[in-house]
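Presented sequentially are two complexes of subunit A, the first with subunit B as partner and the second with subunit C.
Up next, the complex of A and B:
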C-alpha cells in the first residue's frame, strides 16, 4: 500500500513541478496575477505532497514495514525509536527525499515571504525552482526510490549503520540539507534577474536574508558533523579534510563570500555582476557536493550509493545547470547596471579583498579535492592530497582575511580617513601582540610563530569588534544601558557577533591543535597515567548489554592534586546485526580543556590499550561557532534600521 | 606616450595589487600542492622498486593470515600485507583501528625503509564489513584478472 501511494504522490508532484516550470513560457499569454497565484498554489501543493510522502516513509520505518527495500536495509526491530525516525534520511534514497522536501519547502516560502518583490521576478524564480524539483523527483523515481519493494519480505531489517546511531547525527543531515539547498534561492534569483535584465538594491537586501538563513543552517550542519566526528570516531579529531567534508565546506566558503558581496551590492550598487556570478557558483558547488557524495566516487561513511548510473545522472544535471546558467550570465550580465567606481581606501575595497581571498580558498580546496579523483579516473596513478596541504593553504589564506576583518569593521563606504583608522587599529594591534607575547612567553612558554600570529590576530579581532560596539553604545547617548543595547542596529550586532565568533574559533583551533597532549598507553588494572595536571586511574572493564549492541565499558577515575575529580566511562560497542565495533569516547569538558578517554583494544583480561587526550581550549571552537550562528540569527530576525526606537 | 592621470594611476595600483595577490597565491598553491601529494603503491610495485625510499607514501593490500605479531607491553605491532603476488612487512607503533583484521583490506601512510619493510604512521581499515579501501579493491581486481589470464 505505502509503495503505491508513495509512488503516486511523487509522480503527481513531478507533474506539478513540470507545470510550474512551464509557466515561464506563458509570459505573453496569461496575465501576471493568475500566473503568480498559480505558481504560489502549485509550490505549496508540491511541498505538501512531498511532506506526505516523507511522513509515509517515516511511518514505514516506525512500524517496521520491511516490505520496503529501503526500510529493510536500514532499520531493525530492536533499533531505538528515535533512530528509526532518523534512519529515514540515514541512507541514499531517503536522504534524496529529504533533499527534495527541503527544496520544495524553500520554494514555497519564496512567494509567502516575497514582501515587496515584483511578481514577475517571483514567478521566474518559482519556475526555475520547478525544474530543479523536477530533476530531483525524477532522480528519486527512476534510480533511488525509497518506496521500492523487496521480495521475499525479510523478518527483520539489516539495521542502521552504527556510526549513524548518535544524537549528533539525528539533526546533522537535515540542518546541512536546509543550508545546502538554501543556496538554490540565490541561484534562482540570479537566473530570474538575468532573464529580466534588471536589478535593484531593494531586491538585493531581500535576497540577503535568504542567504543569511541558508548560511546559518549550513554553519549549524557542518559544526554538528564536526562535533559528531569528535565524539564518535574516537580519534579526538574534529576535521579531517575528507572530500565529503570539503564538499560541504566549499559551498560554505562561497556563501560566506556571497554574504559579503551582497552587502556591497546593496549599499553601493557595486560588484553586482560578481554577486550574480557568485550566486550561480555557490549553487553549483552545492550540486557538486551532492554529486561527490552521492555518486559513489568517494568511499566514506557519507557515500552510500555505489551506483555509477546515479553519479552520471547528477553529473549530467550539474553540467547542464552550470553550463546553461553561465551561458545566460555571459549573454545577459552586461544589462545589469553596476557602479564600478570605488577607491582603495573604502570599505567596499576591503570586502572585495575578502571575496578574493575566500574565492581563492574555495578554489584551492576544490583543486585538492578533485585532483586525486581526476587522476584516478584518467588512470594517471593514485594520488592523495594530504591534510597538510589543506592546513597550510587554509591558514595562509585565512590569516590575511582575519587581519582585514577589523579594518572592514572600522572603515567607511566610499572613502575612509586612513590616518585616523591606522592610528586607532594600530594601537589595538599593538596591545594584542603584547598580550599574546606575554601570555606565550610567561604562561605557555612556547615560541611557535604561527601560534603567535594566529592568537594575535584573533585577539585583535575580538578587541576591535568589542570596542566598536562599546563605542556605539557610548555614543548613542541613552542614559539607560538596556535601552541603548536594544537600540543597536541588528546588522551591526550580527556582524560584530559573527566576527568575535571567528576570533574565538581561531583561539580554540590554534590552542587545541598545537598544545594537545596525547597518550596511547597500555594500562593494567589500578595503574595510573598522568596527563598535564590530572592523573587517571584505570579501575576495570564491565560488560553492558543494550537493545541492539553489547558493550564493554571502561571505568576510569580522574584525580587532580589527589582529589577525586570525575569518572570516565568510555565504551567499546559491538553491534549485533552488522557486527561493527564502535568506539564511544568519554569526554570531560571545561572551558579551558577537554580530557578525552577512549578504549583501544584489549591485550588481556585486565590490560587495555587506552587513548587519552588533553585538549586545551577546544571548547572555544564550539563557542566561536555558536557566536557566529547567533550573529547570523540577528541578521535574519533583527530590525534593519533604527526604526522602532522610541 | 600615455599620460598617467590620477584615475589611471589608481587603476594601475588596483590592478597591480590584484596581480600581485593572485600570482603569490598561485605560487603558494603550487608549492603546497607539490609538497603534499602522496602517491599510492602496491606491494608488487614496491618489490619492483618503483616506490621511492624514505619518502611519505601510501600503500595498501590484504593483511596476511597469521602474520600479526603484537608486543605485550607496548603498542608496537608488525604484520605482513600482500597483493596475491608480493609481500611487504609492516611495523606500526600505535592503536590499530577497530576493524583491522587478518585477511582484510588495509591502507597505510608512512615510509619505506628498505626494499620490503614499511613503517606505518597511520593505518586505515574499513568502515563496515562490506567496505574495502578503494585502492585495494581496484588493485585486487587487477591482480585477480592477471591470475585468471594465467
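Up next, the complex of A and C:
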C-alpha cells in the first residue's frame, strides 16, 4: 500500500510543480492576480503532498515495513524508535526526499511571507522553484525511490549505519538541508530580478531575512556535524577538510559574502549585480555540493551510497540550471548597474574587500576540492590536496578578513574620518597585542607566531565589537540598562554578536590546535596517567548490553590535586547486525579545557590501550558558533529600524 | 548593453563543468596513495592471535605485502584463496591488517578459511587504516625492506596483480 500511495503522491506533486513552472509562460494571457493565487495554492499543495509522502515513509520505518527496500536496508526491529525515525533520512533516497520536502516548504513560504514584494516577482520566483522541485521529484521517482519494493520481504532489516545512531545526527542533516536548500530563495530571486530587469532596495532588505535564515541553519548544520565528529569518531578532531565537509562549507562562505554584499546593496544601492551573481553562485555551490556528495566523483570518508548514474543526472541538471542563469546574468546584468560612487575610505569599500577575500577563499577551497579531478583530466597524474593546503590557505585568507572586521564596524557609509578611526582602533589593537604578548610569554610560555597573530586579532575583534556596543548603550542615555539593551537596533546587535562569536571561535580553534596534549598509553587496572594537572586512574571495564549493541564500558576516575574530580565512562560498542565497532569517547568539558578519554584495544592480562586528550579552550569553539547563531537569530527576529533611541 | 566582465562567471563555470564531466567517467578509486615512496606510517597495536604488541619497526627487514581485510568484507573472501596461493609459493611474506573487525569473528573466519598471514595487526577502530589512507577493505600495500610503500592496490588482488606488481619486485 505504502509504495503505491507514496509513488502516486510524488507523481502528482511532480505534475503540479510542472504546472507551477509553466505559469512563467502565461504572462500575457492570464491576469496577475489569478497567476499569483494559482502559484500560491499550488506551492502549498506541493509541500503538503510531499510532507504526506515523508510521513508515509516515516510510518513505514516506525512499523518495520521491510517490504520497502529502503526500510529493509536502513532499519531493524531492535533499533531505537528515535533512530527508526531519523533513519528516514539516514541514506541517499530518504535524504533526497527530505531535500525536496525542505525545498517545497521554502517555496510555499515565499508567497506567505511576501509582505510588500510585487506579485510579478513572487510569481517568477515560484515558477523557477517549480522547475527545481520538478527536478528533484523526477530524480526520486526515476533513480532514488525510497518507496521501491523488495522481494522476498526480509524478516528483519540490515540496520541503520551505527555511525548515524547518534543524537547529533538526528538533527544535523535536517538543519544542514534547510540551510543548503534555503540558498535556492536568493537564487530564484536573482533569476526573477534578471528576468524583470530592475530591482529596488526594499526587495533587497526583504531578501536579507531569507538569506540570514538560511545562513543560521547552515551554520547550525555544519557545527552540529563538527560536534558529532568530535564526539563520535573518537579521533579528537572536529574538521577534516573532507570533500563532503568542503561541499557544505563553500556555500557557507558564499552565503556569508552574500549577507555582507546585500547590506551594501540595500544601504547604498551599490554592487547590485555582484550581489545577484553571488546569489547565483551560492546556490550553484549548494548544487555542486550535492553532486560531489552523491556522485562518488571524489573519495571521501563519508560513506554514502555513491552512484555515477545519479551523479550524471545531478550534473546535467546543474549545468542546465546554472548555465542558463549565468547566461541570463551575462545578458541582463548591465541593467542593474547603478551609478553610485564610493570612496576608498568608506564602509562599502571595506565590505567589498570582505567579499573579495571570502570569494577567493571559496574558490581556493573549490580548487583544492576539485584538484584531483583537474589533474587527472589533464593527465598530470592524480594528486590529492590534503589538510595542510586547506589549513594554510584558509588561515592566510581569513586573518585579513578578521582584521578588517573591526574597521567595518567602526567605519561609516560613504566616507569615514580615517585618522580618527586609526587612532581609536590602533590603540585597541595595541592593547590586544600587549595582552596576548603578556599572556603568551608569562602564562603560556610559548612563542608560536601564528598563534600570537591569531589571538591578537581575535582579542582585537572582541574588544572593538564589545566597546562599540557599550558605547552605544552609554550614548543612548537610558538609565535602565535592560531597557537600553532592548532598544538597540537589531542589525547592530546581530553583527556585534556574530563578530564577537568569530573572535571567540578563533581563540578556541587556535588554542586547541596548537596546545592540545595527546597520550596513547597502555593502562592496567589501578594504574594512573597524569595529563596536565589531572591524573586519571583506570578502575576497570564492565560489560553492558543494550537493545541493538553490546558494549564494554571503561571506568576511569580523574583526580586534581588528589581531590576526586569526575569519572569517565568511555565505551566500545559492537552493533549486533552490521558488526561495526564504534568508539564512544567520554568527554569532560569546562570552559578552559576538555579531557577526552577513548578506549582502544584490549591487550592481554587486563590492560587496555587508552587514548587521552587534553584540549585547552576547545569549548570556545562551540560558544563562538553559538554567538554567531545568536547574532543571526537577532538578524531574523529583531526590529530593523532605530526606534526609541534618543 | 552587455557588460564585459559578466562573461567571466559563465566562462569559469564552463571550465569547471568540463572537469566535472570528465571526472565522472573516471574511477576515483584509482587515485594512488600519497604514501607511495614514503615510509609506512608509524603504528602500534596488538596481533590478532597472540595479542602481542606489534609496531611498524617489527616489519622492517624484508619486502612484504600488507593486506587490509575484515571478516565482514565480501571482497576479502574473494581474494582469500589467492592470498593463500601466494603464501604457498613462499616468495613473499604477507602481513594482515584486520580492519574494523571483532577479534573472535576474525579468528573464526581464518580458522575456516586458512591463515596465510605471518602476523596480523588488529585494528578494530580503523585508526591505523586511517593513517594508511585505507578507503575500504580489501586493499593491499607492497612495502620494501626499508619500510617504504612501493604500490597500493584497491580491491581484491588476483593473478594479474601478482605477475605485474609483485613478481618484478621479488625478482630484483
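General observations
Here, the second predicted complex is superposed on the first by the 622 of 646 C-alpha atoms of A that agree within 3 Å, B and C clash if a C-alpha of one lies under 4 Å from a C-alpha of the other, contacts with A are read in each partner's own complex, and residues count from 1 in each chain.
Quick note on the criterion: a contact is a pair of C-beta atoms (placed from the backbone, for glycine too) under 8 Å apart; a residue touches a chain by one contact, two chains touch by 3 or more.
Fair warning: this is a prediction, and the values are worked out from it, not measured in the lab.
Superposition model on subunit A: subunit B and subunit C are shown in a clashing arrangement.
Contacts of A:167 after superposition: neither subunit B nor subunit C is touched. Of the two partner chains placed around the shared chain by superposition, neither subunit B nor subunit C is touched by A:626. Touch criterion not met for A:154: it reaches neither subunit B nor subunit C. Look at A:237: by the touch rule set out above, it reaches neither subunit B nor subunit C.
Contacts of A:601 after superposition: both subunit B and subunit C are touched.
When the shared chain is aligned, subunit B comes close enough to touch A:397, but subunit C does not.
When the two complexes are overlaid on their common chain A, residue A:329 makes contact with subunit C while staying clear of subunit B. Look at A:356: by the touch rule set out above, it reaches subunit B but stays clear of subunit C.
Using the contact criterion defined above for the overlaid structures, shared-chain residue A:386 touches subunit B and also reaches subunit C. Residues 234, 299, 382, 384, 386, 520, 572, 578-581, 583, 600-601, 603, 609 of subunit A lie in contact with subunit B in one complex and with subunit C in the other.
Interface of subunit B with subunit A (complex): residues 10, 13-14, 17-18, 21-22, 25, 28-29, 32-33, 35-40, 56, 58, 70, 72-75, 94-96, 98-99, 109, 127-129, 131, 133-135, 138.
Listed in rising order, the residues of subunit C touching subunit A in the complex are 1-3, 6-7, 9-10, 13-14, 16-24, 26, 28-32, 34, 44-46, 51, 53, 72, 100-102, 105, 122, 124-125, 127, 130, 135. Interface of subunit A with subunit B (complex): residues 161, 163, 234, 299-301, 343-344, 353, 356, 360, 364, 367-368, 371, 381-386, 388-389, 392-393, 396-397, 520-522, 572, 578-583, 600-601, 603, 609, 611. On subunit A, the positions that touch subunit C within their shared complex are 234-235, 273, 277, 280-281, 284, 291, 295-299, 308, 311-312, 315, 319, 322-323, 326-327, 329-331, 333-335, 337, 366, 370, 372-374, 376-377, 382, 384, 386, 520, 572, 574, 578-581, 583, 600-601, 603-604, 609.
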